Amino acid sequence: MELGERRISWAARSMPVLTAIGERFAAERPLDGLRISACLHVTAETAVLMGALRAGGATIALAASNPLSTQDDVAEALRGYGIDVHARAGVDRATYYRHIHQALDLGPDLVLDDGCDLVNILHTERVDLLDGVTGGCEETTTGIIRLRQMTAEGALRFPVVAVNDTLTKRMFDNRYGTGQSTLDGVMRATNLMLAGRTVVVAGFGFCGRGVAERAKGLGARVVVTEIDPVKALDATLQGYEVRPMAEAAVLGDLFITVTGNRDVITGEHLVLMRDGAVLANAGHFDVEIDVRALGELAVEVHTGVRPNTDEYVLADGRRILLLAEGRLVNLTAAEGHPAAVMDMSFSAQALAVAWLARERAGLAPGVYDVPEGIDAEVARLKLAATGIAIDYLTPEQESYLHSWRVGS
Amino acid sequence: MELGERRISWAARSMPVLTAIGERFAAERPLDGLRISACLHVTAETAVLMGALRAGGATIALAASNPLSTQDDVAEALRGYGIDVHARAGVDRATYYRHIHQALDLGPDLVLDDGCDLVNILHTERVDLLDGVTGGCEETTTGIIRLRQMTAEGALRFPVVAVNDTLTKRMFDNRYGTGQSTLDGVMRATNLMLAGRTVVVAGFGFCGRGVAERAKGLGARVVVTEIDPVKALDATLQGYEVRPMAEAAVLGDLFITVTGNRDVITGEHLVLMRDGAVLANAGHFDVEIDVRALGELAVEVHTGVRPNTDEYVLADGRRILLLAEGRLVNLTAAEGHPAAVMDMSFSAQALAVAWLARERAGLAPGVYDVPEGIDAEVARLKLAATGIAIDYLTPEQESYLHSWRVGS
Amino acid sequence: MELGERRISWAARSMPVLTAIGERFAAERPLDGLRISACLHVTAETAVLMGALRAGGATIALAASNPLSTQDDVAEALRGYGIDVHARAGVDRATYYRHIHQALDLGPDLVLDDGCDLVNILHTERVDLLDGVTGGCEETTTGIIRLRQMTAEGALRFPVVAVNDTLTKRMFDNRYGTGQSTLDGVMRATNLMLAGRTVVVAGFGFCGRGVAERAKGLGARVVVTEIDPVKALDATLQGYEVRPMAEAAVLGDLFITVTGNRDVITGEHLVLMRDGAVLANAGHFDVEIDVRALGELAVEVHTGVRPNTDEYVLADGRRILLLAEGRLVNLTAAEGHPAAVMDMSFSAQALAVAWLARERAGLAPGVYDVPEGIDAEVARLKLAATGIAIDYLTPEQESYLHSWRVGS
Amino acid sequence: MELGERRISWAARSMPVLTAIGERFAAERPLDGLRISACLHVTAETAVLMGALRAGGATIALAASNPLSTQDDVAEALRGYGIDVHARAGVDRATYYRHIHQALDLGPDLVLDDGCDLVNILHTERVDLLDGVTGGCEETTTGIIRLRQMTAEGALRFPVVAVNDTLTKRMFDNRYGTGQSTLDGVMRATNLMLAGRTVVVAGFGFCGRGVAERAKGLGARVVVTEIDPVKALDATLQGYEVRPMAEAAVLGDLFITVTGNRDVITGEHLVLMRDGAVLANAGHFDVEIDVRALGELAVEVHTGVRPNTDEYVLADGRRILLLAEGRLVNLTAAEGHPAAVMDMSFSAQALAVAWLARERAGLAPGVYDVPEGIDAEVARLKLAATGIAIDYLTPEQESYLHSWRVGS
């Protein structure tokens, strides 16, 4: 087996849900005769998705959504499977766009996008193809924002499913995925023993909850900071200590920001911290810790004292350790999403494509949430893949629930 | 101090949020000149709510929503505070309705209801008063269902806020309140040591989560049953074992149903259980455990072997213990909602009344959710009462969040 | 079935280990021909122990170790089983001692004691019987202290096993039993919702660990106080906050003392506490909370505001709630040891009696720990009764462990 | 600063307890005039220990206990501090022994050993020096076993403290250190998301407890296997599922052996496992998983599918992943003991040396446990370094405890 095939096979083993969907697609052929133009990261996990769609009957042309992430051996393997791949690692901007055009040359019925570039080109440079396009999926939050603006301006010409936002994916990704990988990143970077340490978690959204649970699970005393009183109250009810950052700054051995906001740890907090305090960010952008303020407070900086760890020495000798330069510590110092997470999101995407194939005639242009049943279906397949059985409602129970809900 | 006053004072000490709202109302007088007819349980906690509304400037007439729960000494104390109370413990049906009429005689601007009886009478027997009524609150789920039907039929004549359904109340009541009180009820009834036992929790909604967390927190191995694959998956991700009831039945030392559905534990499960298995229900109605099937399987029944505990002896000698006859174990064997829970719901209600007073002119008839800000306000006051400070957004952070959300 | 028999049968169902030992004794008759004089609490649990010893072949005479705890119906039932019982609830001191003499009239080979009274009488007033006595068991710590003094003075005439002090009993009793029953007592007394509260646990011995685990498991933030640095360090490594009481006093909503020492919460701490603070003791004696200091600080005391709850109002209006007058909250407000705990200690006692019967010829007078194998045997039977199988060493593994331990 | 100095300085920052001891030694000079010959791993952490002893007044000669672990730059830095170092990375066997002889040439009063080689040479080849040696410390379990044999044979000529075996070190190392680093190693090797997985922990000693706690804390369902019924029972009381390995083998996604015994996972278990099962060992020797049996069952082996991960494909296609070839996963795939652990053990060692210096005149030859007070002292310094204050006994409390213990 070539390297590309082995990579795909390795990914597939951690993607039992998508594999099961592929098998069902092979039997039911829900995409028979459909042409799909896709613009996605060309990785082993994507290859498993392509395999499932193809098994469902689709003809596929694939371009890379980011030339940096393209795995050339995977691209080669996909070509061997009969997928029309236009991607090569490290290509320049012009080639990147030419690849997207080549993927569109297929004349798609459906499109898959990751960042809205393909959809954008469709609506600007390839309007001739628009009449044929009856639906699409978009992977990213950023892409969805652009699509909503297009909808608001009346520009979007077909229905698009926001496949990023499913309950199962959120559970896997935000709470449990980010929770574990963030602490994993901290341990790889610092080899810090967490038992007995005070960990300050800034933000108690889904990600923050996950980080707090894992820190507590590793034996730390966890202090939470929040700006939302409902989330703050919930944190206290789960047994966490809640404080403003100005108080938490004095207590923490490790600080993890995961708010989605900027300036969560600023100079006024940095000057309060203990010698040896460790700062890590697990929020999307590197604006949560004020790295510039840290640099200005420091009289000396030692980069790389450990992998992904820089040491800032303050004027009074206290040392503060910044992980991953304030960027996502779980991606930089650990390995980001495990394949198990991609299994959930790509499975939702495969099912959304089949749903689009079935329902597209009746859908107005606009952005659609993933239909509710898809979450349940992905969860059901995930449980089955794990060998876990659950109960089913009897007709009497169905009827009882219904009658109760309408109020008899 | 008379007994009624002492009861109210004792309740008030566990209701710091409502007390704080009462103080604010006294200063701001948001209900100045308003007449309120209320039909609520006449208890010490309700008295604290009445006090807050009165401090806000309202004139109040109060009838009992259930003659069984009326605390006569509290009613007496309320009269001493200048509230017009029409309630007496144990009155007959005719008197009950006459009391509601008497409360309506005030000619209300706003109404507070608990089960929709007062609103119903308004719309059928006291339509003369309807023109004056500009808004209402309803406490119960059942009442809300009736109000929605009225809305659907075009019958409802004013806006009503569904005050039962707030996030803070749900956290306090469903997850943490029911969680603790259910295990509390089991311990009072059985004196069972939970460490090392296998507890089967049927249902992983908010209440089920709470019950599972508390059982785990008391050292039990927890097995979850579910019919919803997404909830089932979430349970596994939180480390619980998930199984169908037919498998769990063999394993459990203690079973707690909290699904909201019927026939969760039936004869087919009962025959599989271990000698000494304990059955408890924490779902709203006593239909979750099939008590009749248990009775039919039993060759002998010993009632009251412990408080709220009946023993059913099966033909082969196995003994099954049923708590509280399959009714809500947390209400029957423990004490149900602590005042801290009522503090959250009545605080939301007081703020909803003030919101109605302010906004009612612009509201069409119909059922309204509690406005979002009220949850945040109740949580904020609760944190303040507990002495917990949180952070506030800077203008730069507000602007950053905003820009991100709209996508620039 | 008479009440006494039903009580014994109810206790027996929660004592599967002792029941299994009784069955084995019936087959193996390890006590054949032995006469046992016992002085124990005459309760249903003791009756199950008597049954096991009798099944093993012993002839038994039983007196009550405390007339207050005697259950007359159980005594009657035991007489029906052929046990010679000398006990009646509420008898006077003279009768109490006469009963012990009557139990000794049997001319025992072995004695069982609970507090050392029977052994004391043997060594002072019934020395004629001493030659026949070849061993004994003592239940209590206090009794063991007296026996050690007797040993030190050369007075003790036969070997006595300290049956109170087994590992399995300690796990069941101290850590898990006291842990749960203490929180159970607090909930019954106060109906306090623990989620979100700060619980201060004074002392981190076995009991303190159990209490801290259960408080954490119920959603509380737990602060530990200690005087032993090793235990304090261990508490931090388990994620608890450790502070001196003078700091913790300011933070706690609920204080639980479980140190085994006096003056753990004194006037200097009481004056620092928040309004509404709750004080409970789970240590053996009621000296841990300085109740007198509390009384002196109070300007008003309301006893019984809830069951087992007294309210002390300080001069500035703050209210402090004292549970169970500072006595063991788990015994006073909850129900103390569940039968599952007695199952462990009485099983160890039954096995210790059989061990004594076998080994007594070779044992010098003195106090003996429960032989190591007995703990393992009780644990093994407990696992079997719960239906839990474990692994066994292969001969190769035995030999590997041995070779490693001696160092080859 | 040279690299060696920087390494020492980096280690010192994570060793606050040893640093504090060094400062106290500098003031109190407890080792004034003493000559110490040491045979230890020449690493940055050891250098901090050497610094503390030197500050206490000792003259030191140091040889390496293992040429593979010698950090030459650290050795160089130590020479610069006036320590007589005989060590170089990668030397041959003859040079290794010559280095030990050179360290002994100092004519030591005390010796520090790590594996008993230096002590062995003293008693065989350098008996001339024996009269001068008045005490020693030994780091390893293996060394202690050899010393006990020497004692048994009457060969050992001076008292030796077994410094490996302190309570604080055991907490830091076994339970919390091994617990975290084992899961850390698994995550680095596999990037497996642990939430929702079933983790089988074989062995519930201190290490096993730590591993189980961390696995549970990361969201896994934990199944424990044991051969000791008391430990097995304790595991159930902590909420874990206990099963024999033959049952657990079917359930596990991840298996971690930590028993100290051989053949814990054998061919009969391997054939039962699920596709994708992961095997890791955290016990001292690589005999717990039967790697040879795995190799014989496999029809294909892919080494290095992930770092430290080999894949074994069974005849029916199932794949089993073996981490670190069955060797200690926490050392191989993660980084073993963090400096915080070495801080505890080297601090105990420094205090043991001071104790020996003071008490050696009165000590007979033999192996000694670390004196009890040293554990408390290390814990006290650790708490102080972390900024945690605890309570102190008042004279009344001291006296109460004493009186109670002797029984008045």
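Going in written order, the chains are labelled A, B, C and D, and every chain counts its residues from 1.
The rule is simple: a residue touches a chain if its C-beta (ideal position, glycine included) is under 8 Å from a C-beta of that chain, and two chains touch if they have at least 3 such contacts.
Since the model is a prediction, treat every value here as computed from it, not as a measurement.
Each step here moves to a touching chain, and the least such steps from chain B to chain D number 1. Put simply, the chain farthest from chain D by mean CA position is B. Centre-to-centre separation between chain A and chain C, using Cα means, comes to 54 Å.
Centre-to-centre separation of chain A and chain B, using mean CA positions: 37 Å.
Mean C-alpha position of chain B lies 40 Å from that of chain C. Multi-chain contact residues of chain B (touching two or more other chains): 172, 176, 195-196, 216, 219, 233, 236-237, 386. Those residues of chain C that touch chain A in the shared complex are 195-196, 216, 219-222, 233, 236-241. Put simply, chain B touches chain A in their complex at residues 142, 145-146, 148-149, 167-168, 171-172, 175-176, 225-230, 232-234, 236-237, 242-245, 247, 260-263, 287, 375-377, 379-380, 382-383, 386, 388-394, 396-397, 400-401, 404, 406-407. The residues of chain A lying in touch with chain D in their complex are 10, 13, 172, 176-177, 179-180, 184, 187-188, 191-196, 213-214, 216-219, 274, 276, 305, 319, 334-335, 338, 340-341, 386-387.
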